Structure formats: C-alpha cells, structure tokens
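Here the chain labels run A, B, C and D in written order, and each chain numbers its own residues starting at 1.
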C-alpha cells in the first residue's frame, strides 16, 4: 500500500509540489488531473525516486523514502510510463519490452494485447507516436511492478484505441492487484477509469475523492470548472433550496455557503426549447456528433451552456426557453466579491 | 486555394499515402482523423514539402509542386505546428515566436493570447509539454502563413485550455482567411471544429465530408466506428425502413444495402429503462460525469452501448428495457458475410 | 655498393677485425641527415652471432635519455653514435663515456683523437652558391667578409650544425666580432628550417649563397646532376670548420670497443664517403667524390668537444635577435 | 541533472580523478625538470609569442571554416559514396604535418616540383600564411569529426520547422543547427588549437618563429630544463585556451531525427568540386611529390612489419584511450569538479612532443618493468591523446536523453546496469569517433614512439622520419601511402561500427 505524507518538491527555490498527502489501497487506481504545469509529472517523478524530494515521506511495502533517506528508483519496484515515451532507441521493440525480463511470456502477452506483434523487430524511431506509447506501456506492464505511475499514457493514441486501451489497462492493473497513479488531461478518462480522482492546482491537491463526489460536489470553483463544462448562475440560497432566474432548485452549499451564491450548472442539468418568448438568447452552438452544445445568455447576464440532442436546431441570436431539469441537488458556491 | 491531386507518398517501397485528392476553399478548416500510423503526419509533411512525394501534384496560390518539380518548404509559405513541438531549444520563447518576424506586434498578440507572457524569456527545455505546444502554436500563427498545417496541436493540453484554444485557433484562422488542415485524435474536436472532416485509413481517404454527414451517414463501418461509439444491430431492411429486435426504425441504406443489414446505433440513439422483464442485460457501466455509459446485450446477442443521465443507476447483470428513441434515419450497412 | 667492398691502404680492413658476438644495444642519434643504416646492416650480416638492437632518435633526445637512464640507474645502451659532437660532449660531461684504448683512437687522423669518444666521419662547413648567377671566384674566401659582400644569404640559425659553427667562430674570433658578423649577415639573410632547406633554396636561386654542411649539396647533386648549386670554401676560419659525428662506448667489455673498430674500418669509412658523402677520418681513405681534398681547404684548429658548450652562443644569437 | 549527482558523488568521479592525476604526471615531471634553472621569458620572445598566437588563431578559424561545412556535408547530405568521402576527408589526420609542410614547400614556389613539372610559376608557400595553410589542412578533421558527431546526435527536424517558417535550408542550418553544435565545434577547435601549439615541424619548415621552435632550439642545445620551463609557459597558453573553450555553452537537448538533404546532380557535382581541392592539397600532393621522388631515386629498406607495428600500437592506444575516456567524459557532465578533472587530461596534448616524450621517459624510468616496452608506448599515446577520445565521448554523452536512464532505473536497473545497457550503447558513436581520432594521431606520432617504444621498434612514422631526415625522400612514398591507406582502413572499420550504432532515423526514405 502506497502512503505519501507531507510530500513537497522544489526546483531550486520554487515549490512545485506542496504538502501532498495520499494513501492508496491495494489495487486502487488514482487519477491525477490538473492544468498544464501544475506539477503532475513532478509528483510522479518524486514517487519514482527520479528527483529528490525536499520534505515528507513516501512509503510502499518494504521501503520508505524521505528527503534525508532517499531510496533509489531501482529499489522501489515502481513502473512508470513516461509522457515522452523514453523508449531505448538502440533496442528493438521486443528488446525494449523484455528489458529486464528473464521470462518473456509476459512480454509476449502485452506485445500481443497492444497489437505490437508486427513491430517486434522494429526500432522505436520507425514507429509513429501512438505506436511508441503502446511500446512504453507494454514495457512497464511486462516488468510486473508493485505500483504503477502513468504519465498521460494515452495522450497520443487515437480515440478508438484510447477507449479500449483505457479499460484494458485498468483491468490489467486490477487483475494484478497493483495500485496506480494515472495522470491525464482527459476529464472523461479521469472520471470514468479511476477509483478516485485527485485534482491538482499549482502543486496543491484541491480535492481527492470518488469521481461522483468530485463531479457533483466539487471542493472549489476550480475543481468544478476543471471537471466538465461548468456554468455559474447567481441565486439566493436558503437552507438547501436556491432561487434563480430559471426558478428554484435543490442545492448543496459548498463550504457552508449561504445567501448570495453561484449555482454550478452543467450542460446536462439544463433543457433548451426554442421559443420566441424564451428567457435566453443563443450565443453560439457547436456540433458534437450525437449532441449539440449551446451557449445561452439568460436574463441577468449569466452565460450558461446546455447540451441537447443533435436534433434540436438553433442559430446564434435565436431566443430559447431555458429550464433547470436536474433533480439532484446542485453545488452552490459563495458569491465571489 | 489548396488543391491536392493524386498525391502518393512512399517510404522506401511501402506506400504510406495513396492517391489523395483534396481541394480546400479560401478559409476552410479541414480536420484529418484516422488511427495511429495511418499517414496523417506524412500527408502534412508532404504538403509542407518536407518529404519528397512520389506521385501527384500539390498546388497553392502561385506555386505547384510535383514529384518531378518539388518546391522547397520555404517557398511554400505554409505554417506548420508540429506534433513534437519542434521548438528551437537554443532560443527563448520570445525568440522562437519572433523567429523571422521584423514586426513583432503579432508575436506579442499571440504570446499574450496564449498566456505565454511570463515565459517570454524562458528556454523551451524549462516548459511543460502543454506550454511548449502553445509556443509552437504562437510561432506558426505569428508568421502569417498562407496555409496552416496542424499536427495534433492540442494533444498535450488539458481539457479546459484545449476547449478554449480550439475555438480561438479556429477563429483566428477564419479571421485571417487562411485554410488549414488540422490533424487530431479527438473525434469530438474533429466533428466540432472542422468545416469538413477527412477520415483516413491506411493511407486512403475513406470519407471527406461535413461533420454531420460523416457522423450520420458514414461511408464505411470503419468511419462509423471511428467517429463515436458505434454499435451494430442486425435487422431486415426494406426500402427506408428496418425491422430489428428493438422494433422498427427509419434507415438510410449505405452503398445500396438491402435485406440483411447491420444498423448503426450510437449510444444516444437508444434509451434504457430498468425493467425485470426487459429485453437486455447490462454487461458493464461507466460513469462519465453528466452521464453513464451502459453496454447491454440484447436479444439476439448484439452488444449495444447506450448513454443515460447519470441519475439512472444499474449494475452489471441487471435486466433493462432498450428502445430506439431517435427519430432521424439510421445508417444501415450490408451484413458482413 | 657494399660497405665492405673496396679496400684502401693504411686503414684496417674488416677482414682483420675480430668477429662480434653477443647482445649489443646501440643508440643511434640522427638529426642532420646521417644514413648509417646500410653500414649497420652490413656489420650485422658479417657477424651473424651479433644481436644488434638499434634505438633511433633525435640526437639531443637520445643524449637526454641516456643521462636520464643513468640517473635512474637503468642502463640500456652499450653505444651511442651521435651525429654531432655536441651530443657526445653532453654524455661525456655526465661522466658516462668509457675511456677508449689508444690503439683505437690512434687510427684517427691527427686532430681527431679524443680519449673518451671516437669521431667516425667529418663534415665541413661550406658556402653553397647559385651557379645560375655566380662563379666560385665571386664568393668571398673569408667567412668574416661575408657581411660586406652584396650577396643574399640563406641560413638556418636554429640548426645544430650552424650553432656549432658559430661556437667555433666565437672561440676563434671572439664574441664581439661574432655578434657583428651575425648582425651583418642578418640584414641580408633568409632563414630556413634546416640546412637541407638552405641548399634547396640556393639551388632554386632564392638566395645567392648559403651556409651549410657540405654533404647536403653533394647529395642533392648526386640525385640531380644538373642542379644549379656548387660549393665554395673559405680559408682557415670557422667558415670551413670540420666537425664530426662520433661514437661513445657506454658499457664495459670488448664488444662495444670492437664494434667501434668496425666503424673505423677502411670499408665502412669509404662507404660512408662514397654513399653518404661524409668525410672519412681514418687516414688513407679517399674523401667523397665532388669534394676537394681536406688538405686544400685548410680548416681551423678547434677542439671539437669545446663546441658542446652552446649556451653562450645561444645567448649571443638571442641578444643579436637572430634566434 | 540525475538525482544521484544531487545526492552523492557521481560514480564516475573517483575513476576520473585517478585518470586526471595520471595525465598530470608528465606535467609534474616538467615542473621537476624546470626547477633546475629559472630563466623567465625575455622580451625578444614577444614576437615569438605573437606568431604562436596568430598561427593558432588563424588555424582554428580556418579549421572551423572548412571543418564545419564538411561536417554538415558528411552528416546530412546524401551523396554517392558518402562513407568514402568521409574517410578521405578524415584521412589528413593520418599524415604527419611535417610531411605535408615539407611537400607543400617542395612543390610550390620558384623551382618547386610544380614549376618543374608544368612549367607554371606558382607562388611559394611559407611564413605565417604557409604554416597556417598546412596546419589547417592537417587539423581541420578534428573540427569536422567532433562537429559531425554532435550533428548526428541532434534533432535536426527543427530545420523543417524553420523552413516552414520561410527560411531557406542554408540559413536554417546556420541559425537553427549550428548554434546548437557550438560545443562540438569548440571541442574540435580546442583540439586544433592544442595541436597547433604543440606542433614543431610545420612552423619550422615554413620558417615561422613560434614558441615550439624556441623550445626545440633550447632542447637541441641541451637546455632541457630551459625547454621544460618554456613548455610550462606554453602550458599557460594551453590553460587559457582550455578556459576559453569551457566558456562555450551549448544547449542540452534530446536527440531526435536526422536530417537528410538530397542534392540534385548538379549540386552533387558542385559539392564534389569544392571538396576536391582540399583533398588534392592535403593528400594527393604529398603522395604525388613523394611519388616523383620515388621515381627519381628508387626505394629500398622498407619492411611491412613497420605497418603492422604502427597499426598494432595505435589500435591498442585507441581502445585504452576510449576506455579511460568514458569515466572522464561522464564526470565532466556530472558536475563542476568533474569538468575540472576533464580539463586536466587535456594538458598532455598541448606540449611539444619531444618535451612530452622526455618527460615520459622520466615517468617510464620509474616503472622499469614497463620501460621501453610496447605497454609504456601505448600508455604514452593514451596520455597524449586522451583528450581526443574524451571530447568526442563527452559531446555524444551530453546529447543523451536523461529520461532514458530514468526509464531504465524505474524498470529496476541499478545505475551501473543502466549505464552499461543504455548510456554506453547510446554513446558508442562518440566512442568510435574518439577511437578513430586516437588511432589516427597515434599512427602519425613520432617523438614518443622514438623515445618510448621498444628498442628496434620501427613504425611507419619513424621510418618516414628516418628517410626524411636522411634526405632520401623517394623512400617516404611507400610508408606515406601506407600510412594513409591504413588510417583509411581503420576509419572504415570504425565507421562501420558507427553505422551499427546509428539507431536513429537514418533509414531514410527512398534509400
């Protein structure tokens, strides 16, 4: 079981990771998200022992590393899939995957599973970005680590493969009973694959909870905005009921908010019906395949986003009737001053 | 106006791009998608003149390049945003963006817009992946190309920034009236940003059409599967009507299909209601924030995917009632033998 | 032609010499263009039981090595055959040279008999001149008159042979006259790296006259008979100094001494004279072809070992600014 | 920076320190020799000093001007017989510069061989211009090889970015590629500078009064201690050059795709025509002049064992030099102290060979079991030429992507294993180039070979010198030719090793 206490990391004098606390269960998959440059890669490298930590402790199974007593990476038995692949350019795909293996059965298994069989004898330089990423993945998993770190393992794969692979990796991690920390940009990936989600902002963990809780009751506006398209609608909160220009709605106060609040609305919490006497005006619309996303300015000036079936047609400037359709309580944040 | 006729590119003896034909209007944005290794990057490099072509012609404005008479890249006035950034490591961010500019106002504009102001004097090695991508973007756009090639320009950005940037880039391209070819992995990006979408498979362009047409009437099963989660349900097609285990539905025959067909169903074309006497059994379910995605095996053995509100709860093994809810005609492909 | 071939009177023939047997290490210092390889090969051929090891090197470097070896108590060399007498003096001054038997040194011409080393061959200072413009009688016959002539001069001040010549001038004429001479020549001199270069320069007509040992000219002419260069000699001054290369015995036993005897044999001496154009120093051996007999030149009387003390000469050259 | 360098002494330090101290031993001996007599610099020597510095400066500039374009050519341009071009262009390293200087001197000028042969008057080659020309011809390959090694470990696809931004190929090479190989160029320039400082033959033959000549005069006048003192003063200049070179900072980056430039037929011809004069002057002219003399005089006395001796000793030296260079190069990358150790190994290269040789005799005499054995000769070669190996190993090692080593560590490899399996194979190219340089230099080395080899050990260089000294130039033709041929062979062998190490995208399209 991985336990991280009070971890801080500095580059020179700038703190890049501040006071991180984490504990992972036996086979838990933790998704780490956050804006670019917030320190995700840095955390993974610190856990792997690739950069020195300045404070705190990392413990896993039979080792415990601190700033004073570092444990070298090769003693940690962690696996890592690097954002920039880090394939050995002088070795073939097969040799990369078998790097320190004596029994190559597992390597074969992963090469097979990731569709790399026909590239076995190719050098990495000949592969496309996505192919490289799959080799990196195979290499890590074939070495049976006690704990896996994934730095945007799927960021260079196409959507179809990504979707399948995502679940294959998750299942493999679960089957092996290895805990993992998985960095991603993809909020869909973060919410669906992980057992828990950690949202990082400027080196600080803003929330660490189940996907459902992070999504429904974000700890901050930042988290709300980061996980899915958040719109905010002003309202008056009394107890667990809020009144807005779109009518009343059930609400959950965040950080004991009261009175003037901003209500978090997601595109699916709303409905949109074309109506000449509606309460909003379409700003823009985007086609998304199955659905369309509308941005609508409602009375009071708030711009809200709402997702409809692709069969609903509306043009910018059209007047529409908006309503809150969700039945679950909505997160309410104290109004910013 | 860009015109590509009969373009083929070989690496050694392997044809990587086969017989590509394209024409782009004044300010059109063409999204190019396809599985990894299908030749997207290769096409862009051929258009930019970075690799020799083996057949065909590329014409833009005042130049026309063929296999016999290549035009060097610097004569093409083509801007390119590279998949692997290709920033000049020995220059600062500002020097990169101003690379060949005499008037740096445009550089300032883009540095500003992309939030790079505080990194002006940093060297690329110190930036995180996403930051680098933004610099690459700024550099290309600041040089006012007549035509822009983007190789997965957003693949390393986080979701929030990606969403904004996507539209900013599109608008900038439109405002400047420059046509662009934009390679992406992200089918959502492909469908929403592009004026047209090209789906590439093994070096061949399988379909080139508006996003709506590509999505609703895919030219092949491959295209159907590539753009969004496709499920196929067996049915009997007569004219424009198909009958299935989930009942009848309107259909569009693809390639003059008749009789035994597979009906293309997207997760949003279906509804799911928990029901002890339902016609399907849940295989798995995934949380997606606003929604949940279910995989359900229906009578006859087909596995269908259906997306519901996140408020619908169901566990694997539960019996549910499935129905086709869409009113638009569904694409029907001749049954594979 | 084999070095053991023609026989001349007065000198000892190799036929009369004892056979050489055993291991012998010879340090062979070249540096001015000696070619002794054929001599050594012939001696080896004649003495199959002789195991001769040769270490070749720049003369001064070998001298330094011998001194360094002695200091470290490592003795590897039995003999040191050096191309110039200065190096011999250097080794002798370090007390490393073994005294030679009188019956050996007695074979040498008078004036070339030294107790601790044996000169093998001599070379004479000459004034090679460009025959394209000059005849012999236009060349001054006194070296000290050279600055006052209107000839352009090629020289190689950094060259050991030149420095020995200048040392002799210093000994004969004094420091002041030598310094004046240097200044005078320097005004019309062209500097070359070595005296072979000087002779080649003269042959091309780059300069009118050069200062060089005799054999460069003779060798050049033997390869190129129509070469536009010939030799002129001064009289009874440093300009026609006869210097010598020599050999030192460094280890005990008869073998090194007997080896030296071979070098002074009639056959070796005449071979060196005919093939290498060096001047034999054993009486009764003919001088090289193309060279006037020594007797007609009248070289100055100088103790060659004194020429080893180059330091004052170098200081003088520096002060005048030719080095 | 790797974590190990932050947490403790880099593993390469102790070894590098031992090697650096070893390399300093001869310099220490010079101090010992010089302490006998102290006579400092006199005013006259100022012109000598300025000649020396000018020769060094012009030679370095000229070598860069010739060597860098040739590096670009051999690294990126797809030419027919590219390996042959590379080998020919590196071959001048195998020709002793005194041979080159002498033949150039003999060929040009009034009454020179060219005038004799063609009847055309040609200007003579001597003085500062002549010496500079010769030094450039015989030392530009240092710059070419180190720059080429840097170029090959560079992400040259950035040229593509520059070209799409509207820059021509030439300008983008200039602005985007060259600034990133300044360390490689500087490393080559350093070697050229040190070589120029220590060379005696060329300035002597070209009649240029330089520092080495003063030293040589002293040495020949048996002023060994004065020569040692002057050598130490020369070392001050060496130190200055080393310092200047260490100020050059390139950017460190991840290796990437190679660039391939496809010239048309006409361009290929133009390139060939511009390269040929260099080869004519540096290789064909000396061999041709020797050939003329060979015809005039005939040859005798040459044995093929000389060639074997040359190759054998040089090969051993190349291997050992590279083995020793690896820890030194890695120490240099790891930190400041390591950098200092690396610098220390460079001193041996800047002292005139004969003085260095004498110092090594003193060293050898302390090791009687080694004295006058092949072992000591190889050791001497290694001490003299270690910088050649170090500089090329270092420049490739610097280009190594640090995340590769991290990946290996995370997969469970100890630092040692990661070094053996990742760092080492990925720096093979630099090691091969370094070995090639040492091999070529050792092939033409003279003073140490004469002074330290086993008695009777004759190599091509010593034989060449012997017949040159004796004025039997015709006999120099065969060993001269053999020297060039064998060096080319050695180069070819090593370059085939390099090809195997070229893992990146050299499998270029349409190959």
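By definition in this document, contacts are C-beta pairs under 8 Å (C-beta built on N, C-alpha and C of every residue); 3 or more make two chains touch, one makes a residue touch a chain.
In this text the structure is predicted, and so the values were computed from the model without any measurement.
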C-D or B-D, whichever has more C-beta pairs in contact: C-D
Middle chain, criterion being Cα centroid separation: D
Chain centre separation (chain C, chain D; CA means) in Å: 37
Rounded Å distance, chain B centre to chain C centre (Cα mean): 90
Whole-Å gap separating chain B and chain D, where each centre is the average of the chain's CA atoms: 53
Chain centre separation (chain A, chain B; CA means) in Å: 22
Contacts with two or more other chains, residues of chain D listed in rising order: 507
Contacts with 2+ other chains: residues of chain A: 84
Chain C: positions in contact with at least two other chains: none
Chains that touch, pairwise: A-B, A-D, B-D, C-D
Chain B residues within the chain A interface of the complex: 33-37, 41, 83-84, 127-131, 152, 155-163, 185-188, 191-192, 211-212, 215, 225-229, 266-269, 286-291, 293, 307, 309-311, 326-328
Chain D partner contacts - residues on chain B that touch it in the complex: 10-12, 45, 48-52, 72-74, 76-80, 82, 84, 86-90, 99-100, 123, 125, 139-140, 143, 145, 149
Footprint of chain B on chain D - complex, ascending: 155, 157-158, 160-169, 172, 176, 179-180, 250-253, 256, 262, 507, 509-511
Complex contacts: residues of chain D adjacent to chain A: 3-4, 6-7, 254-255, 257, 401, 403-404, 406-415, 417-418, 421-422, 425-426, 501, 503-505, 507
Residue numbers on chain C that touch chain D, as the complex places them: 25, 30-35, 37, 53-58, 60-61, 63-65, 68-69, 72, 74, 76, 86-87, 90, 158, 160, 163, 191-194, 196-197, 200, 203-206, 216, 219-220, 223-224, 308, 310-311, 313-314, 318, 321, 323
